[in-house]
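Structures for review follow.
Each of the two complexes below includes chain A, the first together with chain B, the second together with chain C.
Let's look at the complex of A and B:
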C-alpha cells in the first residue's frame, strides 16, 4: 500500500475541478433556458463565464455589522473542501492523494460543509441568510447518516477504505448492480450536500435566497463555484465507488472515469430542472423513515454476501 | 518537515483554544474551538494515525456545528447576537484550567514512557479495527445498544408529544395530528 501525494496533481487538481464545475454550470444554464421554453443558442454555455466575470467586477453589497471573517471563511471553505474531497478520487487509476482511509477522508471533507454553510448564513447578519444556514444544518442531519452508510456499504463490498481498492474490487461486477440502493442514496446525498435542485431550500427563494441572500460580487462567486465544485466532486466520487472507476474497453482509464463522471454530473444537473424543491422538514422524515432503513438493509445484504 | 508541521499545528491548536475565551461572539468561540480540534486532528494524521485523525475531523465538525446551534439558542442575550464575554467565574475557572494543565503536562514529562518495540503494522486502520473489534466485539455491541437506548430514552424524555397526542387518547386516528407534517404522509 503506497500512501502519498502527487505534487503535480495537487497543483492541477483545483483547475481541473474548476473546469468540470464550469461544465456543470454551462449545462445547467442550457437546461434552464430549455426548461423556460427559450431558445438555446450555443452561446448559452458561456453564460456562467459571463456571470463569473460580472461578479468579479461588480461592487459588493454591504450588510450592517456582518461578521466578515466568519462569512468569508464559510464561503471559501466550500471550494477548499471540494478540492480536498476530489483529491482522493482516482482519476482513472491514481488519485492525487492516495490514502488507506480515502472513503472516510471524503466523508470528513463533506462534513466541513456543515460548518461552511452555517457560517455563510450567519456571517452576513441577515435573517434570510441565517434561516438558510439553519435549514442546511437540518438538511445535513437528514442526509448525513444515509450518506455515511452508502459510503460504508461500498467500502464493505471491497473490504477496504482505500478508494483505489474499492474501484479495483469492481473488476467483475460494478457495485451499482448489487448495491443499487446505496448508489441512489449516494446521489441523493450528493444533491443534498450541494443544496442543489430538489434540496436547494437552504438557498430557497422563499427565504429571499437563504444562504445566498446577502452574498454579492466575488463572495457570491466563491460560494457558487464551491457549490458546483462539490457537485462535480461528488459525481467524480460516485464513479470509483459504484461505477467501476476507470474500467472500460479501448479508451484509457482516465477518459472512462471522465465520461462516467460527466454522465453522473449531467444527471444531477438535469434533476434540478425536472424535480420540485423538497421542503427540509419533509426531507427529514423521508431520510429517517425511508432512506435510512433502506440503506441499512442494503448494508446488511452486502455484509452477508461478503461473509 | 514533519516536526515543523507538528509544531505549527500545535501552535494553531493552542492559539485557537485561547481564542475561544478571547472572542466576544458565540459563533466565533464555537468555530475557534473547531479550528483547535482540526489542528489536533492534523497532529494525529502526522503521528501516522490517519484514520483517527480523519475521524476526529468528521466527528468534531458535526459536533461543533450542532453545538453552535444550541449554544446560540440558549444564550441569555437575544440569540447570542450581541457581543458577550466568554468567561465566567474567572478565578475558579483559571485555577482549574491551570491546575489541569500542570497535572497533564507534568504527567507527559515525568511518566517513564516505554521505548518502542517492534514495527507499526503495514495496514494501521485494519490493525486498529481488529484490536477494537476483535476481542472486544461483545463489549462493543453492548455499548452500541446501550448508547442507542440512551439516545431514544433521552429523546422520549425531552419531547412533550407522545403517541396519545399524535393519535388521540384511544389511538383512534389513522393519520397523526402533528404540528409539522412529515414527508412520508403518515
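Let's look at the complex of A and C:
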C-alpha cells in the first residue's frame, strides 16, 4: 500500500475527473436520443463537447442587482469541491491525497454544496433561482444525515476513516453484500447532492430551471461541469466504500476501480430517464421516515457485527 | 471548422404557445424531437425563441429581450413551415456578422430588463409597476406559518413553456408559496378547441380523443420532470395524428399501453401528485390516469371517449385550488387542468 500519488497526481486529477464526467454526459446524451426515438450514432459521444462549445459561444447574462461575486463563487465551488472530494478516492490502490480521515474529508467537501447551490440560486437575484436555492436547501436537509450515516457505516465496518483502509477491509467480502442499505442510501444521496434525475427539482422545469434559470454561457458551463463532476466523484467514492475498491482478478487495480466506477456512474445517469422528479417536500418525508431509520438500523447491525 | 456551426448544430429552443397556436406547437415539437434539438426551460439557456402562433407579441418580445445571444426567433403562423422556419433560425445563429450587429444594438449586456426584483426569467409580463426602471421593492408580510417573509408579485405566463396557451397567473409569492392568485387570459381561453375539432375531422374522433389526452399527459410529464416518458407520449400522439392505416391505430394502442404500464402505474409519480388539486372527487393523479384509460378505451372502441365535466367557472376553481400551494404543486395542478382550460377536452365532449 502506497501513500498518496506524487504531485503529478494532483495536476492530472481535475482532467481525469473531467474525462469521467464527460463520459457521464455522453451516456446521458445517448439515452436522451434513444428516448426521443432517434438513432444513436457514434458521434453522440461528442455531444457534451459540442454543448461546451455552444456555451462558450453564448454570451454571459446579467440580471438586475445580482450579487455577482457570491453568484460566481457558488457556481465555481461545485467543480472545486468535486476535485477535492475525488482527491481522497483511491484510484486502484492509492489516492491523490492519502488521509487518515479521508471519509470525513469527502463528507466535508460534499457539505460545501449547501453553500454552493444556495449561492448559485440566490446570487442572481431572480425568483426562479431563489426557488431553486430554497429547494436545494430543503433537499440537503433530507439527504445529508443519511449520507453521513452511510459513510460512517462503511468506516465502521473497516474500523478506519482512511478510504484506503476501508477498501482494504473488503478483501474477503465487499461491504455492499452485508451493508446494502448503506450502499443504496449513499447512491440516493449522491443523486440528491448532484441534483440529478429524480432529485433535480432544485433545477426543475416547473421553476424555469431553478438554480440554473439565470445562468448562460460560460457561467452555465461551469455549473453543469461541476454537477457532472460530482456525479463522477460520488460514483468513484462508492467503489472503495462498498465495492471492494480496486480488487479484482487479472486486470490492474486502477482498471478495476475505473470499470466499477463507470458501472455505478452509468446506473446513476440511467436513473434520470427512468423516474420522474421527486418533489422536495415529499422526499423530505421519505428521507426522515424511511431512509434515516433504515440507515440507523444498518449502522447498528454493522457495529454489532464488528464488536 | 467554423466554430459557430459546430456550437449551434443542436441549438436549444424555448417554445411557447400563443392562443390558437396548438397546430404550430405540435409541428414544432415534432420537428425538434426528430432533430434532437432540446427544449429548454428558461430564456438564459435558449438560442432560439419559438412562438407557436402569433397572439403573444408583447409578451414574447419581453422574453426575446432576455435571450443572451447569439439568438434567433421563430414566429410560426403556419404549422407546415415549422422545419423551414427552424432551419432559417439556425442559419441566423451561424451568421456571426448579423449576430454581432444584433448584440451591438442591445443596451449593455443581456439581462432580464423586463422585471423588477429579478422575477422568473421568461414569464413575459410587461412591467407596469410605475417604478423607475420597472424596479419593485419586495414587501414583507406574514406567511402561512405566521413568519415575516418577503412578498414578490410574480406573473406566471402567458409566455411560459408547458403552460396553457394564454393563461396568466398573477401571484403574490412568498418563498415558493403562492399566497394569492389572480387568473386572467390573453386571447381566447378555449383556443385549442378548434384545432382538436378539425383534427377529429381529419383522423377520426377516436384517434383525436387519444391524441388530445396524450398531449395533455406529455405536458404534465414535462412539468413533473419525466423527460423520457414525455417524449414517448408525444411520439405516440404524433403517430396518431398522422392519419394512415389501421396499423397506426394498433401501434398507437401498443404505445399507449406501454405508457399506461410505465406512467399510469408509476408509484413515484402517483406519490408526487396525489392529493393535489382535488376537484370533483379526483386529484391530479386521478386525472392523468383517467386520460390514459380514456385514450386506450377510445382506440379500442374506435369511438370518442366521454369527458368528465368540470365546473364552468374554472378560473375561480383555479384560484381556489392554487392559493396557498407551492410553485411545484401549482404547476402540476395547472397542467392537470390544461386540456379543460384550453378546450382540448371540452371540444371532445362537444363532438358527441
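Definition applied: the second predicted complex is superposed on the first by the 302 of 307 C-alpha atoms of A that agree within 3 Å, B and C clash if a C-alpha of one lies under 4 Å from a C-alpha of the other, contacts with A are read in each partner's own complex, and residues count from 1 in each chain.
Note that in this section contacts are C-beta pairs under 8 Å (C-beta built on N, C-alpha and C of every residue); 3 or more make two chains touch, one makes a residue touch a chain.
Source: prediction; values computed, not measured.
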Answer with clash or fit: chain B and chain C placed together on chain A by superposition.
fit
For A:137, decide between first (touching chain B), second (touching chain C), both and neither.
first
With the two structures laid over each other on chain A, which partner does A:114 touch: chain B (first), chain C (second), both, or neither?
first
Given the touch rule stated above, what does A:50 touch, chain B (first), chain C (second), both, or neither?
second
After lining up the shared chain so the two structures overlap, which partner does A:243 touch, if you call chain B first and chain C second: first, second, both or neither?
neither
So, A:128: does it touch chain B (first), chain C (second), both, or neither?
second
Looking at A:216, would you say it contacts chain B, chain C, both, or neither? Reply first, second, both or neither.
second
Under the stated touch criterion, name the partner, chain B or chain C, that contacts more residues in chain A.
C
Looking at the overlay, what does A:281 touch: chain B (first), chain C (second), both, or neither?
both
Expressed to the nearest 10°, the angle that the Cα centres of chain B and chain C make at the Cα centre of chain A is 100
Check whether A:234 is in contact with chain B, with chain C, with both or with neither, and answer first, second, both or neither.
neither
Return first, second, both or neither, reflecting whether A:97 touches chain B, chain C, both chains, or no partner chain.
neither
Superposed arrangement (fit on chain A Cα atoms) - minimum chain B/chain C Cα distance in Å
5
For chain A, which residues belong to both interfaces, chain B and chain C?
125, 134, 278-279, 281-282
Contacting residues of chain A [partner chain C, same complex]
31-33, 35-38, 47, 50-51, 53-54, 56-66, 124-129, 131, 134-135, 198, 200-201, 204-209, 212-217, 220, 272-282
List the residues on chain A that touch chain B in their complex, please.
1, 3, 67, 69-70, 73, 99-101, 104-105, 107-108, 111-112, 114-115, 118-119, 122, 125, 134, 137, 140, 144, 161, 278-279, 281-286, 289-290
Which residues of chain C touch chain A in their complex?
3-4, 6-12, 33-34, 36, 38, 40-42, 44-45, 47, 66, 68-70, 103, 108-113, 115-123, 133, 135, 152, 154, 160-162, 173, 175-176, 221-229, 231-232, 235, 266, 268-269, 271-272, 326-329, 331-332
In the complex, go through chain B and note every residue touching chain A.
25, 27-28, 31, 34, 50-51, 54-55, 57-58, 61-62, 64-66, 68-69, 81, 122-125, 180-184, 186
